[in-house]
Structure formats: C-alpha cells, structure tokens
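Heads up, the next two complexes both have subunit A, just with different partners, subunit B and then subunit C.
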Partner chain A sequence: MSRGAPEMVLQVGEPMLPERIGDLTGLGEFGVAGELIAAFLAAFIVGNLMLAMTGLAGPWAKRKITAAFTDRIAVNQIGPAGVGIIVADAVRLLSKENIIPENVDRPAYDVAPIVVASSAMLGFAVIPMGTGIQLADPEVGLAYVFAVSGIASLGLVMAGYASSNKYSLLGGLRAVAQNIAYEIPLVVTGMSVVLFAGSLQMSTIVEAQSQALIDLGVVSIPQWYALVNPFAFVLFLIANFAEVGRNPFDTPEAPTEIVAGYQTEYSSVYFVLIYLGEFLHIFLGGAIIATIFLGGPAGPGPAFLGIVWFLLKIWGVFMMTQWLRSAVPRVRIDQLIEIGWKGLLVLSFANLLLTAIIVGLIA
Partner chain B sequence: MNEWIAVGMLALVGLLIPLAMMAVSYLIRPSVPETSKRATYESGEVPTGGTRIRFNIQYYMVALLFLVFDIETVLLFPWAVVYLDAVESDAVSLLEILGPMLVFVAILLVGLAWAWRSGAVQWARSPYQVETEADRP
Partner chain C sequence: MSTDIEPPRTAETTEDELEALIGDRAIARDDHLNAPGFVINPDDVQDVLADLRDEAGFDHLSCLTAQQYEDRYESIYHMKKYVDPTQEVSVVVPTTLDEPTSQSAEPVFRTADWHEREAFDLVGIDYEGHPDPRRILLPETWQGHPLSLDYDQTKPQVVTLSEYENPIQPDHIDSESDTMFLNVGPHHPATHGVLHIKTVLDGETVLDVDPDIGYLHRCEEQMCQQGTYRHQIMPYPDRWDYVSSGLLNEWAYARVAEDLADIEVPEYAQVIRTMGAELCRIASHMLALGTFALDVYGDFTAVFQYAFRDREVIQDILEDLTGQRLMFNYFRLGGVAWDLPEPREEFIAQTRDFLDELPAKVDEYNDLLTTNEIFQIRCVDTGILEPEVAKEYGCTGPVARGSGIDYDLRRDDPYGYYENLEWDVVTEDGCDNYSRVLVRMREVEESAKIIEQCLDLIEEWPEDEREVQANVPRTLKPDPDTEVYRAVEGAKGELGIYIRSDGTDKPGRFKIRSPCYHNLSVLEQMVQGEYIPDLVASLGSLDIVLGEVDR
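On to the complex of A and B.
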C-alpha cells in the first residue's frame, strides 16, 4: 500500500461487468436483448477465466508442485516447462472410452458430474475480481456464495449413490457427512466478518477492508480481516479445506481406503467434469477467502492491477492446498467428524461471540 | 439492469461448458462394448452381494444435528447484518442487541453438549464404552 490514503480498488455502486461490456460494445442500446447478450458475454468471460485457472492448476501446476515437494521434475516435455501437457491431457481424457457400469442409475449417474461442475461455477457470480470485474453484486452476496457452494454435496451424493458401487456409496456418504460438519463452522466464521462490515454485499465487505489498520509512515497496513481477526481467518481456512475436501480432510476420496470414493465408477468426460468441479471448488474457496479476509482485489499499485492481486491470492490458497497435500497425513473419518463437531463448531461460536463483544465495545 | 440476470447467465454458461465438453468427447471417443468391462469395480474381484449395504447410523445422527444448526445460522444472519448499525446508533444498548443472541446461542450449545454427551457426534465407540454399556440394565 502506498503512503497516505489507500487507493480504493472497489467502490460500492460501481458498474458491474455486464454493464461495462454493454457500454463498450454498444449492446446496451438494444434494450433487453442487448442486455441479455452483454450479461451472457460477461458470464462467458468469467466462466472461461475460471476454466483456464483450473486447466492450469489441474494437469500442470498440481504435478509441478507435488514434484517440487518430492524432489522430482514432473512434466517437462511439451512446451516451455511442460505447459503443453494441458492440451495433451484435455485431448487424452476427452477421447477416452466412457465406460458406464451395468448397474448404475442412469439419469442420476449422468447428471451428477454436471451438478458438481456447474454448482462450483455459480459461486463466482458475486466475487469481485478487480475494478469492475464482477458479474453481480446482490445484497445477499455472502449468503448466496455459501448457498450455491453447498449444492456440490448434492452432486457428490448423487454420484456416490447412482454408481451402484460400495466404494462410491461410502465416498458419497462421507462427502456429505464432512460437508455438513464443516458447513456450520464455515458460515459462522464468515458471519464474524459480517459483524465487522455490517453487510453481506461483497463490494461493501471489500471496501470496509480498504482503510488503514496501522500507518507506519512509509507503508500502511490495510485493515484486512485476516489481520484484524487472525483467529477467524485460521478457523475459516481449516473449515474451507474440509469443505472442498482437500488434505488433511480428503477422507471422501481416500485412495488407500475406498479407491476413489464417489468417482470410482466415472471415466472419460464424466471424470473430467468431477475433477473440474473439485478444482473450481478449491478456487471458489480461495476466492471467498480472498474476498472476505484478504481485501479482495486490493494491493499496491494502480487499481487495474486488482485482477492480478486477486488471482495471486486465490493461487496462494491453491498452493496451500497442495502444500498440505504433500505434507500433512489424512485424518480418519471418526477424527474428521469429531474435529468438526467438537472442535471447530465450538471454536467458531466462541469466535463469533468474541467478535460481537469486541465490535460492540469499539463502536 | 437486474443483477440476477448476470447470475442466471453464469448458470447458463456453467451448464453449457460441461455440455460442450460432453459433446466433444462424444464425437472423438471410441466405443468398444464388452460385458466384463462394464462390471462394477470391486478391486478386480467379482462383486459380492448388492450395493445398497447397511452403513453406520451416525450418518443420520450428524445430519439431524446439522438441520438444527443450519437453521440456527440462517436465523443468525439477519442479526449479524444489523448488528453494526444497531451498536453504532444509540437507540439500543449493547446488552439489548447482544443479550438475546447470547441466550439463543447458549440454548443451542446446551443442545450440542447433550448430543456430545449422548454420543451423537462420536463415530465409533471404544471397546471400553461397548463393555460398560453392555453392563447397564
């Protein structure tokens, strides 16, 4: 942050991405149809940006990071540093035969991968990714994100049950037990941020974090809620890793116990969709963390760099999931449930009450 | 422009991307049907019994507990949104805005304590617990 008044990256009431595109292309003059096309274009850009992120993360970055942890080189043959593997893997996976086991429940088995992939995409609608790069800014922003990210559990339990496989069934049940155990700590901890900001609207939450917390003369430290309330930040991080099913909480797909959990019977494009949904979910979790705890697109430099800072923050969260994947052992299913209900739930309520008292005393 | 239009459009894009991938895959993938290939996977063995197996009752217990706490969080959200405004205006005292919520959360935490004590959030019982329970009349 530069000296003096911190630059406002985001202001409440700024035009959203659909309006900007409408103005830029002149589509806004064509009435409702133009507005719809502009909104579709904006959604297309945001959707494909996140698709590109997962494309980079899944086949390439994940391999490279794991390789760095285990002292290997990993993919390095196609293109610079092996990034061509993304295209090669996409073609390879999509051209695989789609083997559909004989006992599956047909409509649910086919719908589940779509539910998993598109539910994660929906959450990005309200995330401010930079100056004006936000699809919509409804007043219920934060509640909306929590609500749509919860839909994925439905897809996972559908996949698990419809696969007609014992491993899948157990994986699907574990996924839903885990999601419901960590949903409450996640939402209650997110609520402690709402106590500070006084709003569920994403742009208001980001703007509330743009004030200086401490002014050190040369630099001023912004009032990011991760710095204001580090306890809530740590709780939210842990609950988020459990919510997206990453290590040490990847019990639903524990390969040493239940093969691949709910995705055991999925192959070809269906597997790609479930995999895509998982990565989108990691990034959605990162986007929520960046928005409500790390100042969203805020950072040093001019405002148009907001998107860069935002992407750096969500990649930071992704890197952390990969670090935990290489470094932390998995918890057992009974430990997982007990950590959620006996540990995080109690701590998150303690955090909420403490935050309420502190906000009440300061104000 | 209504902002929910953009949300709806993202839902459409979120549906179109998977469907497009499925269409591309349909065009380029082979199909070589074989009966043994389509058998349910069970670590390479012939599957034994049906799939709809009996599983741990605890999955239901935590789901019931979740319902209670999820409704609680829904009720807490409006309070959290108006909290800052309420403490900043001098219309109500801190005790008036904080007190009722403390009581509400406390009641639920008593419920959690009861569930904890009765073993609803405990996945498996230790051999000791099983033994002492068998001794009970």
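On to the complex of A and C.
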C-alpha cells in the first residue's frame, strides 16, 4: 500500500490512519521503522475491510440482490439467509485444481490476476472513508486513483493474450478498446469536479462538498457535486459502469458471446483473484463516486458514523450495478465504442467547458 | 362457425396441368395419399423442379425423403406452395442399386443442400453436382449408410475423437489471410444445445459460418421404423423438440398415421388436442423468448426468469392434463389418452386463471424487452432474413412469419379444430431478429385466444358425447406401399412426417421433416458481415432445438 510521506501531505483536518495507529500503539516513537509498521497495520485494516466487503458481495449479496430483481430466492440453506455460502464458496473455489493450459504464456498468465486484483486495492489508499480512515492524502489524490485503477487494463490484456485462447483474446481486445474509450470521459468528467473544488486532493474535495447548497433552516441540502452538477454525475456513473465492465457494458466478458472473455481459461485461485479484482473495481468505482459526487463520508449524525455512510454509498452504487445487470441488455461492441467516442466523450468535454465557464464567472 | 381465417387460395394447379408441365419427363406415376407423384429420370431433377417452381408456383421444397428398396434407391422431393400448402406434388427419382447417382436439386432449391447431404449420409445416394457432398449427421469417418438395406445394424461403430475431424487441428490456421477461425461450440453458452458452428472471423465480423450438426443424432427415424404404429411410435415425437413442444410433435405423428390408416378422430378429442397443443406452443414460445433475452442480455436476467416463472404455470397445467411434464405421450391414434382430469371445473378454472393473467405478463415482457431501447438497437435490422431467401431454404414457423411470409399450416392446411375457431396468423415484415421476437410474443396471445375458445367448447360439451378415442384396431396394418407425407404447425414451424407402409405393423420408411433443420440452415445467410453478438442473437432468434435438428 502506498503511503504518502507525512511532510508532503497537506493536512486538512484530522491525521491519517497510519499516524493515529502510530500514536495509539506508541509505534510512532520508534522512528521510521515504527511509522512503517503503523502504515502496514493501517493498510492491513483498510485492505481487509475492502476484501471482507468483496467476500460478502461476491458470493452472497450479488446472488441475493439479483434474485430479488428476478423473482427468485437464491442461497438460503447454509446459515441465516444463506450467508454461510461465503465459507462454502471460499472452500470450493480455493480447493479446486488450478488448471493451467499447455500453451499459455507464462509468467504473464500468472501475473495478470494479481495485477487485476491489486490495482483496485491500491486505489483505496487515498479514499477518505470517514471516521478517520484514510491511508494517505496526497495532493494528486484523484489523479492517483484514476492512474492505479487504469493499471487493471494492463492485467486484462495480459490475461487475454497470455491465455492462448481465441475467446480470451477477443475479450482482452474488447477490454482494452472499452477502457480506452471510457477512461477519457471518466477522467474529463472527474476534472469538472476538480474545477469546482479547486484541488485534486480527496479530503479537499470532500471538504468542499460539506457546505450547504440550500439551507432551509430545518433541512439543509449539502453541496454534493451530484446535486450541484447532476449532468456530470450521470456521465461519470455511465462511464464508470463501462470502466468496471458491468451491464449494459459487460462486453469484455459477454458470457453468451465469447464464453467468459479474458477469464475463460482461468480456474481456482487465479479465477478467484480475477473475480475479486472485478468486485474490488466495482467498489472502488463506488468509492470514487461517493467521494467526489456524494460528499464522501458525510451524512446525518455524529462524525464517527462517517464510515457507515460511506459504505452505504458504495453499496448503493453496487446495488445499481446489480439492478442494471438484471434489467438491461448488453450493447454490441461496436455500439459500445460508438457510445463512448461519439457520445460520452463529446458530452464530457462539453460538461468540462461549461463547468469551467461557470466556475470562472462565479470566481 | 367462423371463416374469417380463410387461407388465401390461388388458382389450383390441376393434375392435368401438372401432367402437361412435366410431360415426357415423367416416366411413370407413383401417387401418394397426399399428392400426385411423378417418377422422373435422375437427369431431369433440376429441370422438373425448376419448372414446377417457376411455371406452377411450387416454391416450397418441404422435404426430401430418401429410401432404399430391394431393387432401387428412391429420392422423393415433397413440394408445396407457400400460398397454399394443400397443393402438393411429389417428384420421385429412382436410381439403380449399382449406381445410385441422382442430379442434385441444390441449384434450384438451396434447402436441398442439407437434405441431400442427409440422404447421402443415411441412405447412400450420391447427388451429382452437389456443392458440398459431405456427411451431415454422422462423423466423416463413419462406415456405411445406416438406413440402407445391407447395413449391419448390429455392429457397433466407435468413432474416436482423434479419428474424427479434430476441430483444433493446425490446418485451420491460415497464415496468409487476416481471418481467424473460431469454433463456436459444441460447448458454448449460446448454442442452445450441442451445436458446433465453425466460424471465420475478421476481427469481430463474421465472414462465414458452417454449422456442424449431428451431436444429438439418436436415430429417431430408425427407432420409429422399428416401432408399431399403434402405440410404440407415439412416445418418440416428444423427444424431437423436447422443450415443451411435446403435444405439437405428437400431433405430427397422429395426423400422418391417422391419414394412413384412415382413422376418424372424434370432435371432442380434437378440441382437447387443439387446447393441449396451443398450451405447448405458449410454453415453447416463452422458452424461446427467455433464451433469446438470455442471448441478448448476456446474463440470467429478469426476462429469462419471468418467462420461466410463467412457463411453469403451463407446465403444471400440462402435468395435470397428461400426467407428465416433459414427455407427455398423451395423444393416441384416434384421439387422446384420457379426458380432462377430475374435477374438471378445477382444471378449467386453473387454465382460465392462467389465461386471465397472461395479458399482464405479456405487457411486462413488452416493458422489459421490446420497448427497451438497447434491446431495439441490438435487434432491429440485425440478422436480416429476406422472404425470398427464407423460402429458398424452406423456412417455416415464426422464422418465416417474421419475414412477412403468411404461412401457417393451422390455417392453410387445416387439421384439428383450428378452422372452427377465431384467431389470426401473425406476421411481421421486419425480416430481422426483432420481428421474430414480436411474432412469438403475438402468437402467445393468439394461442391464448384459441385455448379460451377450446375451454368454452369443452365446458359446454354434453357429458354423454365426450368421446376421447375413436375405435381403432389393436394392430394397424396399412396396405403395403401406401405413401403419405403430412405436416402440422409445430412450435418452430412445419413439422412433417413421411411414412411408407410395407404391409407389416411397422413403417417401411419413416422420415421426419424438422423445421429447425431448415431454420438452422439459413443461418449462414443471416450473419455474414454481422458481428459475433449478432451471430448469437440471430441463432437465438431462430429458436432451434438440437434434438429436432439432429433427430
């Protein structure tokens, strides 16, 4: 996990999680080594929080949510509401034979799942999750998140090419085409938020959303950028769904067309890693959306509830992906590219321009 | 009762006109129960067929039956008219045992391509000028022709994988060209069974497809030839199109055998048959809708699950009626196995409840599916099937009706109780995947209308006239060398059966005309130049069942 050097971090409010742990355990007094251990501990906590969420979401929540949408019951046999399936699934997936086909291109084939999964984990380092949980807060926070989550594309290409399978190759090519087409609108739309907040730093962006947009005395509507610029919010949401490869943009996997795309040949632990990576990316997408459009950990009640609100927002985005998955057809690959380059790209630049003008006028 | 569904008849081609048209080329007559038959020389096939199509309007090569007699081989071309399928003619082409070579009809009717391959494969007749004389159902390395008389039925043949054509062999790799060879199937999520499509791709664009079928070939024709007419054949049709079309398939056999043995079916039984068949049609179309949605949506989404949920209700109704959920075996020659289950009122009420709820469900499908804009951009103008092409390939059923061909045997060649009921034949002119979906959606509603009327009739039927079974002899032995070809409107299209009796209580030749076989053969015309997702969608829109393709 990356940890911004303390000197470089522009402290907005509270200290970062590593320092708090350092203070709490007294590790901070042991100099650099202590700080390092504290940082590892902090990263361990955040990483496990995200993995636990994925573990909950992948085998269980996803089934339950889509079942509700499609009039089914889904898992209900092991444990209350079937949550025991998480354990059963973990045992099942991890105990399977890891079949590695003869002609695969190693080590690219082996590295790809790790790249896919870890790139998403890296992104969480700079997300302010409320209740003081944030590993680092570099000035270039937003750019950093986009950069590391973009690494996943590399993993997908590696997986698609190294698998030595035509379906995987098609899936890998689709994934790249899609990520290039949608990363630009995503970043450009993210820029419009930066124009508002005047900073790339995550904590500053959250801070900027805490003022009231409309104050009605009893109820005060916060200045969340989703409310300030709903157009950008929708654009970002769409580009994000394409970026994480969910319906209606799940063409890189497209089960009925190209079997499972880049992950066709993967089994056992490798498959788990890729699957994990996908879910982590959905959650990272949710985290970015929550942070730059939905006020981050902001919500009613005392400040220590921040993490709860934050997780709720992430799960809200996750629910949305599952809803779309249940109800919306998949677009064809050429249509997908067309929507990206001819639609979203143009709209996102228009949005950026308008935002720039408005921000300029106000200033 | 109603006659507002009168088929559009054209001037009938009389036998005299046919005789005049074929003229000297007819070397003999060989009339079948359903149609006049003309025996011609093997060299005149293209000539005669082209004349019949162009001069007399026989534009539907419904089926090709090949068979071996003690002294000759015979290919029978069963021809019909799309405007009026009651006008039929059989063209009989005998060839000698020593040199079983006949002219190919492929240049006249594209659909002869697959048919002649099958005739070669199973019976052993060579077709001169055939563009692609390979086996079709059996592996290339198979020895002998299973339906020929000298074939050793008792000797098993094991074709190992290495012996059979290896789909990943290196010679598929063409280093010169920019194309990619891709095996879609036999294990692929979207092939609706074990179908193998050899695909040539340029990037994501499909250049060529070659369906490889036969993985589910179970010798259905032969098994039927070894069963007695009376009881042993009826269970087999359930296994052709096994996704809930059972009663429709059974009717195909019932119709042809009843014609052959001259059995009159009581009216009450016909009403029950009509009702059961239409229930099956709804179930089958719902499955088609659900799986098509699966192909386009890409996941087990709401539409698929809803379709299955609603289909389950029909399955329950059919289970109550027939005692079975999949292999009904409910029809008998001369009627049905038994009357409605007791208490009748409960069964009727249950079925009515389903019909009452159906419109709301169809609305729901329309909300989710046909009015969805993404669904529309995926389906409108993809998988184009022009009506001329459809006719050339012998397409029938919803596939033909989605291309604007107004052809439905229930109306055009009436059987059962259909001609006394009020309903419409559904056609759409779009010729694309979307039209085929719409046709099936609307046919569900038409079927519901038919069932509704059948229920009314059944309810009011006087108790002492509820005759479900005609008096049929225990053993049926039709006169030797009686030949008949009859078809019904199955869920997927025209399901025909040809039977030649040989004087025993088992058929001498039993040939199945599968609608899916024809509908699948047209795939190559629909997907060239389209993208892979459209290949999958087009295949889904054809609604094939491999059990019926391979038989």
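Odds and ends about this structure:
The criterion applied here is as follows: the second predicted complex is superposed on the first by the 351 of 363 C-alpha atoms of A that agree within 3 Å, B and C clash if a C-alpha of one lies under 4 Å from a C-alpha of the other, contacts with A are read in each partner's own complex, and residues count from 1 in each chain.
Definition applied: contacts are C-beta pairs under 8 Å (C-beta built on N, C-alpha and C of every residue); 3 or more make two chains touch, one makes a residue touch a chain.
Values in this document were obtained by computation on a predicted structure and should not be read as measured data.
Legend: residue contacts after superposition of the two complexes on their common chain; A:23 is shown touching neither subunit B nor subunit C. Judged by the touch definition given at the top, the superposed model places A:71 against subunit C, while subunit B stays out of reach.
When the two complexes are overlaid on their common chain A, residue A:333 makes contact with subunit B and with subunit C alike.
Of the two partner chains placed by the overlay, only subunit B lies in contact with A:42; subunit C stays clear of it. In the superposition on chain A, A:196 makes contact with subunit B only, while subunit C stays out of contact range. Legend: residue contacts after superposition of the two complexes on their common chain; A:105 is shown touching neither subunit B nor subunit C. Of the two partner chains placed around the shared chain by superposition, subunit B and subunit C are both touched by A:170.
Of the two partner chains placed around the shared chain by superposition, subunit B is the only one that A:96 touches, whereas subunit C remains out of contact. With both structures placed on the common chain, the touch criterion links A:259 to subunit B and to subunit C.
Touching of subunit A by both subunit B and subunit C, each in its own complex, is seen for residues 166-167, 170, 259, 333-334. On the side of subunit A, the complex with subunit C involves touching residues 66, 69-72, 166-167, 170, 247-248, 250-251, 254-259, 325-335.
Within the complex formed with subunit A, the residues of subunit B that make contact are 1, 3-15, 17-19, 21-22, 24-26, 28-32, 35, 37-43, 51-53, 55, 58-59, 62-63, 65-66, 69-70, 73, 76-77, 80-85, 87-88, 94, 97-98, 101-102, 105, 109, 112, 116, 121-124. Every residue of subunit C that touches subunit A in the complex is listed here, in rising order: 180, 182, 188-190, 204, 293-302, 304-306, 309, 368, 372, 374-375, 377-378, 531-534, 536.
Listed in rising order, the residues of subunit A touching subunit B in the complex are 16-19, 22, 35-36, 38-40, 42-44, 46-48, 51, 91, 94-103, 113-114, 117-119, 121-122, 124-126, 135-138, 143-144, 164-167, 169-170, 173, 176-177, 180-181, 183-184, 187-188, 191, 194-200, 259, 264-265, 268-269, 272-273, 276, 333-334, 337-338, 341-342, 345-346, 349, 352-353, 356-357, 359-361, 363.
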